[in-house]
Each structure stands twice: as C-alpha cells, then as structure tokens.
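Shared between the two complexes below is chain A, which has chain B as its partner in the first and chain C in the second.
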Partner chain A sequence: MSLLAFGGGAEDGSSSDTEPDALIDFTAMLMERKHECNGGWFSCGSKLQSQSHEDHGYYLGQYVLGVLDFSSQYGIDYSISYTAANVIGRPTKFPAYGDYPETFTMRTYGDWWQLAPSATQEIQAQNLPSLPTHDFIVVYFEKFVVPTEVAIFETFNPGGVVRIWAYSITKRWTCLWEAKPSDLNQVPHDSRRFAPPLKKTNIITKTLRIDFNHSRLNYYTEIDAIMLCGRTVPMRCMHQLLAPVGKRLGNTGEESGNGPIICKLRTLKFQPSCQANDAVKLHEFINNDLSKFLMDSHVESEQQKHNSTTEICLTDLPCEILLKILSYLDLKSLFRMGQVSHLFYDISTHPLLYCDLSLKSYWQLANSELLCTLARRATMLRKLDLSWCGGFGEISPTEFKKFLTQRGDNMTHLRLNSCKFLNASCIETVGIVCDNLIELSLRNCTTNPPLLNFSCLANLKNLERLDLFQTAFESELLLSMLESNRKLKHLNLAFCGVSVNMDNVATHLATYNTQLVSLDMWKAHFLSARGLQSLSRCQQLEELDLGWCMREATLGDSLYQLLFNCPKLKKLFLSAMRGITERDLMHIATLGKNLEQLDLMGILNITHERVYDILVHCSKLKLLDLCFCDNFMDRDFDVIADWSRLFNVDIKNSRIYNSR
Partner chain B sequence: MHSLNWTSRLISRALRSSFSTLLDSASGATTKGAAKTTPIRSRPRFVSVVCGFAKDNLRHKYKPGKYGEDSWFKASTESADVMGVADGVGGWRSYGIDPGEFSSFLMRTCERLVRCTHFNPQRPVNLLAYSYCELMEQKKPILGSSTACVLILNRETSTVHTANIGDSGFMVVREGEIVHKSEEQQHYFNTPFQLSLPPPGHGPNVLSDSPESADTMSFPVQEGDVILIATDGVFDNVPEELMLQVLRDVEGERDPVKLQMTANTLALMARTLSQNSDFLSPFAISARRNNIQARGGKPDDITVVLATVAM
Partner chain C sequence: MSHPSETLQMRTSDGFVFHVSLEVAQQMGMTHSWLQSERVGLERSDDDDANIMPLDRVSSEIFRLVLNWCHAMQTIEKPLEPKDKLLQERAIFQNLLTESNANDSTIFELIIAADYLNIESLLQAGTQHVADVINGCDSVEAIRERFNIMYDGAVDN
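Then we have the complex of A and B:
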C-alpha cells in the first residue's frame, strides 16, 4: 500500500487541493534509495520521485551539481578550501556559524578594496544599478525545473546576495529576485537559509547565477550550498520547448518581465525603422498638437497649468546641451531615447556619448548584434568594459575582433574580466590593435592552455595598469611585458599559480618597474626572502598584497628592508605569512607610518603587546585583521573591542574552534 | 623550505593532469551519468568498522574520528572505497603544538577529497599529497607531523592500492594466512617516516618526509578477505600470531555487528597488552634488537580499522 498524495487535473478531488501536482510516493522512494549506490556527494538526496508518473511534473529540491563560473574565490583553484567547488552538493557545515574552509568564500569584503590605492573607477558608472554586483557565481543543477524557491545556505556573515538569475532553456537570463537596499539592513549575525520570494515565472531552468554585493559586509561572506526547488517539466513538454528558438520568439509568456520595447529592440537590432514622413509628423505633433492633446485628456484643475505653458521644449535646446544631458543616461535609456524621434536618434547616436562604453551591467543582454551596432556608433571609443559578457556563446570571437579592429586604435582602457568568449586570437588582436592601452584588465580568463602565451601582448608599451587576477599566463610573456612597460603602476598577479616564479618577477619589477604603486601577489608561489628584498627597490609602493605568498619561508631581513625603503605603504596584506617574527612586527610599528590597511591573519606568535604597539604607532590605521592569530582567543573579544574603539580601527578577530 | 619545493612540484603536476576540482566535478557528472547506464555487476565493497582507545582516556574527551593523537577516516564512492589511519607524532607537545591536530586534519581532508573531487583510485599517494597541500591552504595554522596509511579499493578492478608512510600499517588475511603486510618505515628506532609541517624557523631541524617516499603496494582481493589497518599502538603490542587468530575467525563475515565485536576485541587486546609491563611485546623485541633494554607493552593510542571484502 503506498501513500499517494495526488491532486492533479481530473483525479479525485477529495484529497487536499492545496498542492496540485504534488506527488509523494514514499514506498517507491525508499525502494529506489536502497538500490542507489552510496556515492552520494552529488546525489540529490531530497528528491521526491516516483517513477510511474513521468507525465506530470513533481516538486523537487536539488543541490548544486557543478559550478560553471565564478568571479573570484578566496582559495586557489586546485584546493578544496574556501573555493567555489564547496558550493556543490549538500551543505557541510550549516547550521553551524563560523569561518570554515568547507565553504565558498570570495576574495573581497566591505569597501576596503575601494579605499585602497589600487581601486579602479567604473566605466560608464551610470549603467550600474543601485546595488552593483561585485562578485557572482554561476551554478547548474541536475534537472530542469520551473523554479519556485532558491535557498542559499550562508554560514558566515550572511547578507551578501543581491540578485538571483536563472537561465531558461530558451537561452535567456531572467532575474528571479533583486534585493532592495532595505533588505540588506536586517541581517542576523547567524547562519541562515536564505530563500527570498521569487518572481512568479514559467521559465524552465537548471542554471542559476547568484550576484553578491559586499559593501555592507563586515567580513567575508561564506556560502555552504545552494538549493533549487521547483516543479519538474514532463517529458513531452520539454520536447516542445526545446524546439528552435525562432518559433518561440513570438511567445511573450516567458518574457513577462521584459517590456515590449526590449523585445522590439532585439528583433529590430536597435534600429528604429522610422520613415521620414512619420518622424516629421511626430515632430509636428509634439510641437503643435501635444499641448492641445494633453488639455483634452486631463482633468479641469490641470488645464490651467497647461494653458500657460510656453512653447519651449526639449528639442529647442542646442545640441551640445542635449548631449550633456544625455551623457548622464545609462546605455539602455540611451537606446530608448533613440526610439523617440529622428532628432533624438541623431543625438543619441552621437559618438561623443560612446567614448566610455560598458556592457558589464547588461551582461545578460550583450550579444554580437549589439557589439555590431555599437561599433557603428563608437567611433571615438576610449574605454571599453565587456566584463562578464558572452558567457554562453552570445558573443562570437570574430565579432569581437572586428569590433576591436574597427574601434580599438585609440582605446585607453580595456576590461575583459570573466569573458568566456575570448580565445587566443582575440588576445592577439588586442596586442596588435590596441597599442595605446593604459589599462588592461583580464581577470578570470583562465583557460587551458593559458590564453596569455602570445608575444603580441608585448607590443603594449604604455600600460599603467595590468590586472591578471586568477588568469594563468606564461612567465616569459609577463617578464617581457614588464620590461616594455616602464610606467607600470598597478599590477595584479593574484592566483597566478605554480608555473610562475615570483622571485624572478620581483627582480624584474625592481629593475624595470620602479614606478610601481600597487602589487597584488595573493597566493602566488615561490616568493622567497630574496624576492621580497628586491621588491624594496620599488620605492613608490603604496599597496602590497603578499597574502599566502611565502607560507613558512623565513623572511630574514627582507620585511624590514621593504618597510624601510617603501615609506609610502598604505596597504600591507601579510595573511598567512607564518614566517613573520616578533621583530618584524616591531618594524611594522616603527616604520609603517602611513599604513591604513594591515592584514595579519594567521600569523603565529603574535602577542598583545605587539598589536598594541602597532595600534599606537600607526596612527592612520583603519583596518587590522587578526583572525586566526595565535594569542587572540574568543575571551580577548572585549580587549579587542576596546582597542577598536580607542584607536578607531576596524579590528577583525574571528576564529573557529575545533568542531570535532 | 624543501617541503615547499616538492609540494609545489606536486601541485604543478596535479594541474597538468587537470586535478582542478571544478573541471573534474563537471566532467565527473557526465561520466557518472554514463556509468549508471551499464549494469552494476558484482562489485566488491568494504564492510568496515572502527575501534580504538586513546592512550590517556581521561585527558582526551572522545571526539569522532580520532583516538587521542590517532585519527582515521572511511569514505566510499561509486568507484572506490577508501580507508586510512594517521598517527600524530607526540613529540610536538613540548613545542606547544597539539599533535592530534595534524593527523586529524590529514584524515578529514582525505575524506573530503574522496567525496568532492575526482581522484585517481590507483594512487593513494596522490590522495595523501593533496591532503598535505590542503593543510597549507588553511587559515588556521596547522603544525605537527604524523604517519599515515591509506588504502583504496578500486571497485572496477577489485584491486587494493595502498600507501604507507611511517609505522602505521595494514595486513590482509586470506584463508588463515597473512597474504600482504606493510613494512614499517623508520629512520631510526622509534622515529618513523612522517609527513610534517614544522613551525617556521625549525624547518631544517625537523624530519619531514614527502608523500613520495611512501611505500606503495597494489594487489587484487577476493571475496572474504580481511583487511586490517592500524596504527603502531596495535602492531607494537599484539604479536602477529594472536592477531592472525582473531582475524581468521572473521573471514567472509558480512555482518557489521560481528565485525565490530572483533575489532573491539583486537583493540582491547592491544590496550591490555600495552598496559602490561612484563609482557614481551613486539615493541620490546625490536627495542632489544636495537640494544635498548625494554620490556612490557608500549602505551600508545590504538586505532583499529577492520574491513572485509564483500562482493
């Protein structure tokens, strides 16, 4: 006798009618579980399944099966500690609260990176929403469902999630939930299963993207698991839906969130098809008949207002003023303006409005056609940001290369973070065409074999900022680039991996790039005391991130040399440099006059006296990270809080005790 | 510093063989799907139990996964069953380091690695090595050293692959005879090979062996084989004939309760003998061979992982 709670369509109406299509067949489920091998990490344990009812959907809760992409993680990619792979499967630590390595942690928290010397300005900042996305992760699940709930298990500093996107089988991204600023205010200081109310939708998906914003976070946020709940789709419906996309374009049932303008823009490739006659008619209407029209359709009390309007309207303003006004608009609104009239089309397509171009906020809409359209307009392009675009093949490398070849000569800033469409020939094109580049950002472009093994990039000679965060590259190429770009100010080599000998890089920097202002070597390998010592020749250094760089290596005199020779140091991250001695800490106190951010996470043999010394002497200090430091137990919490108030420094102090 | 060098070599080799957790878990999903369609022939699996005692029962509160400074793990996936023990080297206590932390972490990470990533069932040495590398990626500094012994049953090929560093070990009994046994690895008496992470500055003074120095063995197994993995607390106190007597009784046993009873017996035997100050234990015998006048058992943490192969 099986327990069947079944209510769907023409079946019996006597059972509960609250959950249509809910199907729970316990005995069948138990039988199935026994046969299943115990290889359970990926198995969706909370699946409620009945084999005999493939015709109807059933409710399903599933955990992440795999990770497709992520913008940053704390750990290095071959590790399983603090890395994105930990989001896969069931939660391991939830509901425990703490800083555990079995979770997914991102690289940054709070606003500290925005306050550091290496901070960048957003290109076309008006495109950004009120809660901009700092980091994201794209995950996929096993079964297609119509999503009803997405639950995110946060085990440390919850409150970072701002958007949840779903990728439907019609190859469109839909935003299922977006945070309002008020949502981020009441966040408990405890682990939580965060399941915000999703938009009602009929899309079928098994891929999600979660966006994070770190500004309000006190410290790193950590995610243990993500769960996607929804109703599965019967087989026959799936086949219908997987029909070619062209047929389905007319169906606006799925696109309930997008207005008619967006749909129209897509089909028309952003070109208004207005004939000359229509435009003039519209123009005349606006100038002459609009006021009468408005009068006719408004209530009495407003009539007086409209009677007294003067004849001046927007189109009477000189072109330059209009351009200035439109320059504040975000890209989407700019395109909409172009739909208004012939005049506005001319103004909104003026090249001066396309000097700074960023498609980062429109990553879900960016495709080759858009690039093509923009190429026609952006004749004076200087700054381009295509980060996060083209993740699912929407942008073809050929189109991108064409774009660059047409418009890349005068480009000064190019950001291609997490661009999955990049291949070797794209990078080659960058190197050949964009020789005026001052800033090149290629974060998270790791491929196998590494993209950056082409000497074309060595053509770039004017670089001041080079960002290769989480991107593999050939050391030879990097060294030759360092030699050619003497004006280099900001260099980010985080997670560059074991193939790069950092000592060599350090010696090169000391020889050729003495203007260096910021250097990020997070989790780089093979940096020894010798390398650190050579870095001290870059006397303009204001920011140095050596986190997890030297591990157990003994420092000798090198840290002292660095501190002595680089008095301008504002940000110094020495996370997990276990070789730091007490003398080094004393030197930090005496020589670190300008220090604003200091990270001493996981340092051994650190005493209260040394920390107090640092707090007293480094008067500009704003951030001090003492997590996982030896002598700072939970019982010192009060002392730390006192110091924090006294010296006006944000002191981080968290540690977990052995849970086993 | 030299430990840093070989770990980095290992990591670069790992990368070249694309050990990356993400790549493999993605491809692992698809291969898993493929594997499911083939019928599951009779594949061997372990029926395994654990028992043990901490040396100082009063001081160490019982925590799952460890007995004093010893630690163990068991994990199983579709393609392999894995077991392992690790014995923390006690000498670190005088440096203010908890010796059990290293071994416990090593075993916990091995377990996680088996579950999370696509590891090669042929190479338990790699498992140990990656686990060791993970140690260095922890925010909390973990210091100390331990021996280790890891055993993988490859279910596709019914072979067992082992890796052993130090004086823990394993023993395979079939039809009343010991068919395979691990060798003790020692630098000198009572100083086994060990994986270690010394505090900075003490590097050159501390014995640190790389996982590549592990003894590896591979052999096929049959239904009913008894496999014992234990730390030196067992091998140093219980003579081989006694162990054989206990183990041959449990050959082919599938009932985990009976197996647990045997494991308990073995552990208790080891404990009692270790407390006995007159008995000529294997430890005493080898001490005398090294011109040290010792007698009686060796008080030590005892960990017994006992498994039988079932098809």
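Then we have the complex of A and C:
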C-alpha cells in the first residue's frame, strides 16, 4: 500500500487523477458513441437517430455513478486512497497493473484472517455455497438497462470476483453470474477487463452487487472501475413495466431465475393447523401417533424384515436419526424437506434444528415474513446471523425487534453486519433483550449520527467478542462497555474514526479487560506510545493490529514493553508505523517467538539484516509483509525471495507485480 | 489396553458368529456397556454362550459392512484437523458404499446399526451422506421421487 495515502484530508494532488464528476463523463460517452478501451461498448448510431432510439432503446455502457454499500475497504472513508468510492467513474489506472491507491481495495486477502486468533466460525455453515462470499460492494448507475455485459476492471491481483447480482425494478435480486471453482484457477498476473458471460435475462436494472472471495488471492485485489452495458428501455415501456407491479410479480419467478422453492421461501406463510405450542405437539406426536403413523405407512416389524425382501425406506428411520440427518441440511433444503410430507414437516420444524440460524447466504431472499416464520420455530435459538439482509427495505425494524423480543433472551451469538434496516431502537432492543450475548458483531454500521450511542448496549455484561469494524460509535458507550465486560477476549475497532481517543481506550483495556486475546485498531487515531505501553498489561494478547496508527510518533520503548509482556503474540501488524526503529525490529526478532503473521509494510528503517534476523528467530512465522519498505534495493529482493523459500515464509514485497 | 490377540465373539440376528478383535469391538459403544454389565474379564469359560455378545438387531450382511468401516477407521492416521478428519470419513463411507453396491435400504440399515451399536463416526458419516443426497435434490418432487415418499396432501398454504 502506497505511503502517499495519508489518512488526512489534505491529499497531494499528484496521487490521483480520478475524474471528479462521473455524470459529465457518462454524458460525454453517450455523445461520442465510439469504442473506448478494448472490448468497448456497443455503438449506437448517430444523434439524428436518437429520437427513434428513444422509442426502441439503444445500447450503452456506463460506469458507476455511486456506491450504496460495501462490506470492507482498506482506506478510511474521508480519504480517497484505497476506498470504495474509487470505483466510481471511468477507470483511472487500467490497463496498467500495480498497487495504486486510486482503486477500490478491501481489507483482507487470502486465508490469513481465518488463520488468525481472531477468526470466527460461521453460524449454520452448511448454508454456505462452495465459494462463499467474503465481501461485497453495491453500486448504482445512471440509466436503467437490460444488462448484456458487466465488466470489472481489475488492476491488481485479479480473480476475487465470484458473483454478480442485479437489482431489478421489480425489487428482486437476480444472480447474473456465479463463479465455478475452475474459473478461479488460471488467473493471469496482469490487469484485466473481467466480463464473464451473464445469464440471459429480461430484467431491468441499474444497481449491481459484486461478491468477492479472497481465499485464492495472493495479495490484495484492486478494482479500478465497473461498467454496466445493456439496452435501455424506452420511457413508455418503463411506465408500463412499473405500473401493474402486482401482475408483474407473477412473472418474476422466471425472470429472476428462481424456482418455485425460492418463491415459496419468499412468501412463506406456514400456518400449522393447530395453534398450540409446536414442541409439545411434536412430543405428543412422537409418543402417541408416530408408531401408528409408521404402521400406516407400511413399516415392517423386525420379524417381517428378516423373512421378506422388502426394502427399508427413509421414513422407517427413527425420528432422532431423521432429526440428525435434517440437521445437516442447509436452510433452503430444510424448508423443501418440510413440504415433502406431514412427517417431514413436523420433523423439519423441530426447534432443535433452529438453534443456529444464519440468513447471510440468503440475503437476497430474507424478508419480514421469513423472519416471522422462523420466529415460530426458533424457540431454542442460540446463534443468529442476519448479516447483509434487508438492505432494500425487505426487513422492517419492527419485525426484527419483535423477533428479538420473542427469541433473543437466550441468544449467545448475534451478527448483524451490514444490516441496513437497523435503527436506534433496534440496537436498544438488542441491549435490553439479549443480555446473554457472548458475541456481538455490528460491522459496517456507519450511520450519522452513530446508532451506537448513549447507553443502549450498556446492559450487556457477558461479552467475549465485540466487533465494530467500520462502525461509528460514541466513545462513552464503548468505555462503559469495556468496564462492564471483563471477560472480553476479542475487540475490533478498525476504522472507528476521529472521534475516538485510542489512548483512553487502551488505558481502559489495561484496567478492565486484561483477558484480551485479539485487538484490531486499524487506522485508529490518537494512539501514542503511552497507549501502546498500557496495552502491555493485556498479557494474553495473541493478535494486535496497529496498522496506520501512530504514524510519525516515536515509540520509545513501548513496543519493547509490549513484546516483553505479551509473549503469546502470534499476529502483529505494524503497517506504516514510521516510528519503528531498528532496535524495535531487533526486539521483534528476539521476543517474537510465537509470531506467525507479521506486517511491516512501509517501515522505512528496515534492512535486510533485520529481516534475516526475524526469519531466523521467529521459527513459526508464516507471513511477512514487506511491501513499500523503500529501503530495500532491487537486488535485495532476490535475496529475500531465496529466504522466503529457505524459511518457508510467505514474504510480500512490492516487486510482486513487476515480475511476470 | 488393547490386546490384539484377544477376540470377542459377536452373534448377529441371523445366527452368524463373528470373531472380532477387541480393538475393533471397542469402537462400538455397545461393547463397552456389554463388557461392563455382563462379564468381568475375558476368561474362557465352559459356557460359551455367555461369552458371545448378542447383536439382536443387526444382520450379518450389515455387520460385515460395519466391520469394514471399523477396520478402515483403524488405518486412519490419528492426528488430523477435525475438518480433514470429517472429509476423510465421508470418503471412506463413500468407498464402503460403492464396494458393496449398497442401495438405499442398505444405507438406512447401516445407519440404524450404527445407532444401535453406538458407533458415532459411522452414524455421522451415514446421516451426512443422506443429507448430501437431499441437498442435491432440486425440488420437493425430486426428494419424494428419490426416496419413494408418498405425497400425503398439501402441507403448505
């Protein structure tokens, strides 16, 4: 990551030539109507014919007008380096290949975060597709089109895109393309205009969501621009299409490419004939009626089985075994199973199957009705993941609060990452109802004013994990939560913004949260040597991310203190901390016995002797990031490459993209 | 604890007597409870019947498959990550099925036997296998066809 990317607002002009006004750009494209970069977009004839084209629609290509949402970015919001906003407008760097701050970059790459001490387990992991989505970005364009091509301009480490979704005017998400594992195999080490073959469709859209999976990426992937090509729809057709929405919904089943099951999932109105408690009903059924039911369904007794050659079928298995089988099904198959027969309906609605519930993989289908149905079944709910759901109003805050009030009191894990439907009263409900929470994850909750304010979550006292990545919160609330949650082990405060004084946070942690295992302070403000020194009281620390903190500050011996007192450190990120001295690097080598991941990106005083030192002494090291350590000569890189092989450490250096 | 030379006699529902090494038999939870309740040691006594563990709910055909599974379990290298271990067990189960040309009925009998004999790994592999088949079905109708389940009236509204 380039050191030109200072966090402050005053950027030097030379770092970027991003077009400030994408709208003018787009209009210019329309007027020109000629092919641009390789592949280009369809020409549309001269302006004279524009009138008839207004009637019939014309082909056009357009760049991103704005960003609606993104799960993660490397830079901080008010900066223009490595942020999601860089995807707006024309590409600025393409077809160049390299690490440029004028692009959109996400915070993670590869599997390294899954291997770190702060890694979490997926809730209801069987719901995940074979190539799960790690991050996403939602962008919108100016004109509605019927999409024919979506081109993504990748300028560094291509190959992260796994899904392309489009939001149609009928308020449905359609998956236009999905990667197969073979697609991610042969990816070139070069910039590319990635335009995979889209599903044939008639939907009309101007909003796209791009899904990313990082696990095969060697380093950060960077996106310069996204282009949406398609045929516009004449105004009169648009009116026709938008007016009788009710009628159109009948056809959208095919349009969005979703089968009857998914439609069913959307319009779930399961209403069992009895209104009594489901669990009791099942109990009664198993005790009284099940044997008769099985008899009626021609289940043979043991003796008959031996005499005859009749086969055993699925329904002959005891209920507990059927329950066990169903517990492996993903949610969609589980609902499907419930429609197979009455027996399977009863088993598939058993509360034990709804202890761990995740709608993250079904974000495009999740709505208030589904929540309502699940509320009836999930009487033993412990873990809930509603991340990414309800982004376009499909889930009402009222329904969510009702769900929580009914089922939240025994909840231990709650993940609400990128949940756009959350409002202040929702968070308050979490604080009041879910007091048994061990884990609370509220990533990407950047509203203004922040939702996390006053004492809305102060009632939570059992937290071991609190994830506020890219979320704004009021300092007072955080400090009071730290005081109340003495068992806190994992804390993520990345991108918390200028309003939080990290020295205060560090002092609080040192006093109240000495069980801390992982701490992420990426791009934090106002952390000084004093704060770093306080952190050395958290002697259980295994992971510490101080990237882009303490930029110019001198560390004194605070880093030494930290390393000395926290021998369990496995992951240490010190990206762009210019105050790191050669002595600090020596201390890392001698004291960092358990280090597995070390990020020294942009450290200026590093020499290759220090690198060798670290490689020799840190025997468990697996990842070492040395990008933008400008002290290294070109020839040093060859030596470092040898060492990488010799010590079996993945070493990232800025020369990666130069070698082909 | 394991005495490779020691064998346990086990009789299936259809009268076949299997001589199973103690190590393999220990994989079955049922063996533990039987050994504790019925016998004190493995002394050979005159009354052979008392030394034979009855498996009243498992046929010889199924028990042979169970033994194949237990033998395969012994050959796995012990220190494995849980995820890899699961994958390997599923692969072994898959082999077991293809080798014996198992049909649905056999699979279900195997699952019932695993439950009865209290072999957690086999039960897990078997039930996961069936779940995978269900996950592979694209529609409700496909599930009914695949498992020959009768349609007993509309369940949804």
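Here, the second predicted complex is superposed on the first by the 547 of 660 C-alpha atoms of A that agree within 3 Å, B and C clash if a C-alpha of one lies under 4 Å from a C-alpha of the other, contacts with A are read in each partner's own complex, and residues count from 1 in each chain.
Following the convention adopted for this analysis, a residue touches a chain if its C-beta (ideal position, glycine included) is under 8 Å from a C-beta of that chain, and two chains touch if they have at least 3 such contacts.
Because the structure is a prediction, the values reported are computed rather than measured.
Asker: Report for A:G75: first if it touches chain B alone, second if chain C alone, otherwise both or neither.
Answerer: first
Asker: Looking at the overlay, what does A:C229 touch: chain B (first), chain C (second), both, or neither?
Answerer: Neither chain B nor chain C is touched by A:C229.
Asker: Output check: A:K324 vs chain B and chain C. Expected answer is one of first, second, both, neither. What do you get?
Answerer: second
Asker: Looking at the overlay, does A:M586 come into contact with chain B only (first), chain C only (second), both, or neither?
Answerer: It touches nothing on chain B or chain C.
Asker: Does chain B (first) or chain C (second) touch A:V639, or do both, or does neither?
Answerer: Touch partners of A:V639: none, neither chain B nor chain C.
Asker: Between chain B and chain C, which one contacts more residues of chain A in the superposed model?
Answerer: B
Asker: Now for A:D316: first (chain B), second (chain C), both, or neither, which partner does it touch?
Answerer: A:D316 contacts chain C only, not chain B.
Asker: If you look only at chain C, which of its residues touch chain A in the complex?
Answerer: Its residues touching chain A are 13-14, 57, 59, 103-105, 108-109, 111-112, 115, 123, 127-128, 130-132, 134-135, 137-140, 143-144, 147-153, 155-157.
Asker: List the residues on chain B that touch chain A in their complex, please.
Answerer: 1, 3-4, 8, 11-12, 14-15, 18-22, 25-26, 28-29, 32, 40, 63-66, 76-79, 101, 104, 108-109, 112-113, 115-117, 130, 133-134, 136-141, 197-201, 203
Asker: Would you pull the chain A residues touching chain C in the complex into a rising list?
Answerer: Against chain C, chain A makes touches at 259-261, 264, 269-271, 297, 302, 306, 311-318, 320-321, 324-330, 333, 336-342, 344-345.
Asker: Taking the touch rule as given, give the residues of chain A at its contact with chain B in the complex, in rising order.
Answerer: For chain A paired with chain B, touching residues are 37-39, 41-42, 65-68, 75-86, 88-89, 99, 101-102, 142, 448, 497-499, 525-526, 528, 548, 551-554, 576, 578-579, 581, 601-602, 604, 627-628, 630, 655-656, 658, 660.
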